[in-house]
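See structure below.
Lettered A, B, C, D and E in written order, each chain numbered from 1.
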Amino acid sequence: MADVSMASAQPHSVQPRGAKPRRRFSGSNIMLYGVLFVVSVYYLLPLWVMVMTSLKGMPEIRMGNIFAPPVEITFQPWVKAWSEACTGLNCDGLSRGFWNSVLITVPSVIISIIVASVNGYALVNWRFKGSEVFFTILIFGSFIPYQIMLYPIVILLRELGIYGTLYGLILVHTIFGMPILTLLFRNYFSSLPEELFKAARVDGAGFWRIYFQIMVPMSLPIFVVALILQITGIWNDFLFGVVFTKPEIYPMTVQLNNIVNSVQGVKEYNVNMAATLLTGLVPLVIYFVSGKLFVRGIAAGAVKG
Amino acid sequence: MTHSIQVKDLSLSFGSVSVLKNMNIDVAEGEFIVLLGPSGCGKSTLLNCLAGLLDITDGEIWIKGKNVTWAEPSERGIGMVFQSYALYPQMTVRGNLSFGLKNARMPKDEIDKRIARAAEILQIGPLLDRKPAALSGGQRQRVAIGRALVRDVDVFLFDEPLSNLDAKLRSELRVEIKRLHSRLNNTMVYVTHDQIEALTLADRIAVMRGGIIQQLAAPQEIYNRPSNLFVAGFIGSPSMNFLHGATVEAGRAFQFGATRIDLAGYEGGAVLDRPKAILGLRPEHLIIQDKPEPGLTIPAVVEIDEPMGADSLVWLEAEGGLKMSVRVPVERRLAAGSKVHLKVDIAKASIFDTASEQRV
Amino acid sequence: TDLEVTHWWTSGGEAAAVAELAKAFDASGDHWVDGAIAGGGDTARPVMIARISGGDPMGATQFNHGQQALELVQAGLMLDLTDVAEAQKWRDVINPISLLDGCTIDGKVYCAPMNIHSPEWLWINNKIYEDLGIPVPQNWTEFVASAPQVEAAGKIPLALGRQAWQSNLAFNAITVGVGGLDLWKKVNLDKDMDAAAGPEMLKVFQAAAEARKLAAKSTVQDWNQATNMVINGDAAGQIMGDWAQGEFAVAGKVAGKDYTCLPGLGLNAYLSTGGDAFYFPKLDDPDKEAAQKRLAALLVSPEVQVAFNLKKGSLPIRGDIDMSSANDCMKKGLEILKSGNVVPSGDQAWSPDVQTQLGDMQSEFWSGEMTPEDAQARYVEILKSGL
Amino acid sequence: MAGKPVGWRPFRNLNAKIAAVPMVLTTLVVFVGGTLWTVLYSFTNSKLLPRLEFVGFDQYRRLWSTDLWNAAIWNLAFYGVMSLIFTISMGFMLAVLLDQKIRFEDTFRTIMLYPFALSFIVTGLVWQWILNPEMGIQEVVRRMGFESFTFDPLHNPNTVLYGLLIAGLWQGTGFTMCLMLAGLRGIDEDIWKAARVDGIPKWKTYLFVVIPMMRPVFITTLVIVAAGIIKLYDLVVAQTSGGPGNASQVPAMYVYRYMFTAQNLGQGFAASTMMLLSVLIVLIPWAYLEFGGKKHG
Amino acid sequence: MTHSIQVKDLSLSFGSVSVLKNMNIDVAEGEFIVLLGPSGCGKSTLLNCLAGLLDITDGEIWIKGKNVTWAEPSERGIGMVFQSYALYPQMTVRGNLSFGLKNARMPKDEIDKRIARAAEILQIGPLLDRKPAALSGGQRQRVAIGRALVRDVDVFLFDEPLSNLDAKLRSELRVEIKRLHSRLNNTMVYVTHDQIEALTLADRIAVMRGGIIQQLAAPQEIYNRPSNLFVAGFIGSPSMNFLHGATVEAGRAFQFGATRIDLAGYEGGAVLDRPKAILGLRPEHLIIQDKPEPGLTIPAVVEIDEPMGADSLVWLEAEGGLKMSVRVPVERRLAAGSKVHLKVDIAKASIFDTASEQRV
């Protein structure tokens, strides 16, 4: 650009002055947003399909393509998925599973987060002999395929006498949530200044007081991350939900699987999609609402040199 | 004198926040300019504008007689050294030095020649195959300078290159940079908020505040004749002592509480009578003595003395609770509470108008 | 008393049949808590077993009788129903008696047989053939012969769900149909490995390979989706068990008119009979135990047998009941039963381990390019591991 | 308590030790105990119920001579390598895109991240529908007039793994992108400036400077993604059930199938032990890099 | 003199790394001790041991006549001020101050009284209801001190409380801490690696290196009679000039290249003849003159001079390429390349044995 102005051959060449002129639609910008648009289509397509299909009637589904918006919007599939779809003799749709999921998720999330955060805190600030060893094993634990643990857990729960109960499931979720959550909390707590902890000890605060009054209030981002991870993880869990529960307390995912797989006559795609959406609604809403905090928390807790 | 850098009416805003306001600076070929100022005053911003790393809002920048306002950083003939050095961590020192050259498709032997020369100047020959992580702070700094050096640039820009180092290393590297400058004779623009660095390195210092240059002058000039209250207070450690009073007797004396000080010998403009004025006295321009001399001394009470090795700093309280500091040789110990008199060297004092804050 | 009953009967016809059971049980003052698990036996059984061995057993649960629950019984986790069986004279009424034998271990009865699965049926959509103007095939050979024309009309000759057990089922049907009953018995009952490796069996594999071609375009997963293809006229036929009939019934199709059913693939009118049975895990609760026994008795009772099997389209386990309201197809089955041309099913002959391996192998065979010879070699190997 | 220190004082910081009890119990009882238990029983011929009847390495011999298992291993290896390559490269590229000071960054990020909120079950079902030739992409393109267009990855043994990949990437790249973005944002601004002054084009800066600097982030991501791949199960079950044939079987399915459907626990345990082994193969080098070299503070 | 802190044979290792080695320190009541040393020498570690935040490996710690080796931090009667202040960010200033008192279940009105007193001493009354984020650096520092103050402790421990601040604030707060000490007269242990702080604040300085105390003495003693080469080089900025040579003539002269310097008037032990010895001369103890005086001056060539406001630092090159620095009044400008002679004030010099590095 500078050269242009130097070459005074150009009739109305102006001296470069002020802000460098930028074209709004430069080639690279078009590329950039173009790629982003294509990528977004890839990510949004399934959601679009689900929503559109769930709003169509069966005849329209048979006729039209899955990407077309409904000609005639009907909420019947949603109603059916929520409260009428049958598995065997139970024709109350997902509604039952929803409350079960809530009952399972809420205590599991709370307990697993409390346990893991206290663990992370103890690991960072109250190291004792062997604590690193346990931590390392715990991290290994997070990579063990669940199937390996399935049978031992069945035995464990049987011996504890809580197989098939809500308590059993909470325990299982707490156990399997522990590795990754502890890692998150440990990384986060170790990024907090150690001096704060020391100051509190000089001030005569004990283990729990430091935890509740100093650590917890400063850890909102990581609690949000843990909350999101656990809510979605537990809400979406299928394997434990089906193996460690019984029909009365089946979570929504199991109910979803039942509905989708209980084909009675033709597959009712619209109902299935509505059911799928309903099942994913809670985690989706949570992501849409707190995605920003999640990203920030990830940066604070997960990605550490 | 050829101009190396000319900044004309430069302004820069981030959105609605105006950070640099209508700046004009001319830097001569081979000059060492230090930008000094408190944190957030816009020093780094100005440097980044010179380097082309920030798009300015208004004005022009000329380097070596070329208008580079819109030029890319790499086309401006500048080299930059950052506070954190910003070495490429996974490349060896040689890789760091050659990366830019290779990218410009310079022939291999020319690259080698340049690296050899830089290594020789900076004495980093034995380090060429190490990675930055294996270097000490001072060595890293040299490599960072080397990266500018190999590019054979006319202008070096430094952004607080020493502020990450400990005091000892800092003073050593300061001297090295000065030597480098006297050897290369490049134009250098150097940002710091450390006044010792500014005073020792600069040919001229630009004291900045809130995006405006307060004074641009040689170090001794700035130290001895600060153009306003801000510069006077900012330069010098401990700070200049400020006595709030009035000039009286048609500008021939300064009245401070019950004390009156003769202004005969003051080097400055017409003092005049000002109902509100400030007399600035540097700690080393006061002499502690036991006896008063009317018109020449200020009575004070010793509070604390701080021996600092070579000399000692005495803190006193003058009339009206005013805290003052005086520099004395370290051998001289003064008991707290003793009453003394401070003799003023009026030739080295500064008087400021309270309203305009300008030196008179 | 509430009893939780787990089962995997979730398709339309099945669910209707279960409703009959629940109605009958509730009528006696108890309460049927339905624990349906969708996705077929392969999905449901692990859950059931995990719950029983995990110490949280349900009141009753469906298994295919045979070896599936053997170890649970041996571990003493199942309720002994011998007294119910004796009181209700099961030994006298149940036909074929092999069904009860499947429930009997060391002389004690541990399950209540519910129905007979006869898997070897060929279901054909008549309309397709009418449209083509050719006669509806009456056996497998004709069916294969007509396939090119069906294909030319843009239809899929053979519908096949892509799950291991369905491939396995189709293969077994072809074994009985094409290979004949003797071969089947030799291999599966006498466990004659020479026969399994012999040329007759190879013929069966070749026939299966042919069937594989016919089913190449069928991509659905569930059996009832495949059945639906036949019902809708997308596919000409399907090899499926008698329970497929329930789907035809739900769709309002009439046997003989809209569709044709050919037991034993129309070649050998024999049926291998396995079936569903209910097991009753031990619960430490006398009330529940009484209810369990009431349910066991109820399940075998004539009224329930009639109601249930009519809805499900499967065959009842007793020969002494009136099935006059049954349709064409069911009647065919009943006749074969009466004539005694039956053999126990693979479920009873081989352990689940072998069954699973066979299923895996068959599903690979049916969807891949494995040659009949290779397949036979693998087949023999797997069977040998189960000896 | 005065005088010379004694080395071991169990009651010092008692609360901290009590607080660590859940973790200690979990690691010892569940992870160590459960693993050892599984390994132990993999040497037995347990069928439906665990039984201590040892048969040596029989289960392993059978495992490795089973075509299904070998197919599952190869499928997983193929899927794993592809998935690692694509998740990480796509995640990184998306992060780079989002790092260009674009407008609506939040919106784009949410769009990319939301699938992560959905379970694999849901993911599998949706993509099964979309890839279904009768009503999905193939059908839509055909209706647009391209009659011979064929896109049916899920029913072709040669392409089914790509079908899984499409769904797996859809679900997982958003999270990877988040990790990468956090890593990118953690890079010193001055490095960028230095590269600009050196006249290095942007893509070169990413390639030769930024990526090497993000090594720790890449390693973290690699481990997280790899761990997920080994566990791969729900997605396959929901999308293909391992079919067609055995073309998309994976080890986790084999384990589940033999433990429960085939009622051959010994075989299932042997298979899970092999999975554990592969986990260790992934993890030990990582743990060595992470914990071996430097001490964590 | 009562002992406030006694450290007996204290050792500490992290695993196999021994960080503190067999330390013995006695601190008198009301004394201001500064721990000074390069980074990583174990200063913070020692302080944490005193506070009870680290479990020591061996030895004993007594505070106010009580063995507190195994006592909890809060039971030791100490208060601690951290480098980053470590204020609880979610509590107000009042909350920060009262946290420790509440933990000790002190009655509410007593807490209020103490906070009021601390607020008055530290002049933070108006800030009590703000959160730390809304405070300036200096204010935060005062709150951090206040937290120790309200607990009415006998011993204050400071871990580099000023090193996060800029130079200006640092020098102000330094004075404030000194005032506070003279007002409260508590025992204070203060960690820093800034020697100006150490020299100005301390009653006694403990210079540490590698977990071992090199010298524990009053600032002037340390400055003028460093006990070994390390202390000599560490204290003073710019560093002491070291001339490597030999003592000859039965310890009466120092031979350095062709230059011989008379040692008459040296304050120290018996010099003797040492084939390898080092003569240490501080920059301010050399006088630049034009004429040589045999036995008293060192010839040198001016390289660079660095004006630093009040005085100026001249860098010279002496025989054998040795770089030397001399402090001169700022008015004195010397042209680079001019040949001068440096007059030695031998009474203020130090001689070290090269092998043992100890002062003789």
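Keep in mind that, in the parts below, a residue touches a chain if its C-beta (ideal position, glycine included) is under 8 Å from a C-beta of that chain, and two chains touch if they have at least 3 such contacts.
Nothing here was measured: the structure is a model prediction, and the numbers come from that model.
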Farthest-lying chain, centroid of Cα atoms versus that of subunit E: C
Maximum inter-chain contact count - chain pair: A-D
Whole-Å separation of chain centres (CA-atom averages), subunit B against subunit E: 27
Centre-of-Cα separation between subunit B and subunit A, whole angstrom: 53
Separation of subunit D from subunit E, taking each centre as the mean of its C-alpha atoms, in whole Å: 54
Separation of mean Cα positions, subunit C and subunit A [Å, integer]: 41
Shared-contact residues (touching 2 or more other chains) in subunit B: 75
Touching two or more other chains - residue numbers and ranges from subunit D: 256, 259
Multi-chain contact residues (two or more partners), subunit C: 46, 50, 53
Interface residues, subunit C side, partner subunit D - complex: 42, 45-46, 49-50, 53, 68, 70-72, 75, 162-163, 219, 221, 351-353, 355-357, 360-361, 363-368, 378, 385
Subunit C-touching residues of subunit D, taken from the complex the two chains share: 47-49, 62, 66-68, 71, 133, 152, 154-155, 157, 241, 243-247, 256-264, 267
Complex contact set, residues of subunit A against subunit D: 32-33, 35-36, 39-40, 42-47, 49-50, 53, 61, 65-67, 115, 118-119, 121-123, 126, 128-129, 131-132, 134-153, 155-156, 174-175, 178, 182, 190, 206-208, 232, 235-239, 253, 256-257, 260, 269, 272-273, 276, 279-280, 283-284, 286-288, 291-292, 294-295, 298-299, 302-305
Subunit B partner contacts - residues on subunit A that touch it in the complex: 1-2, 5-6, 15-21
Sites on subunit D touched by subunit B in the complex: 188, 190-191, 193-194, 196-201, 204, 208-209, 212-213, 215
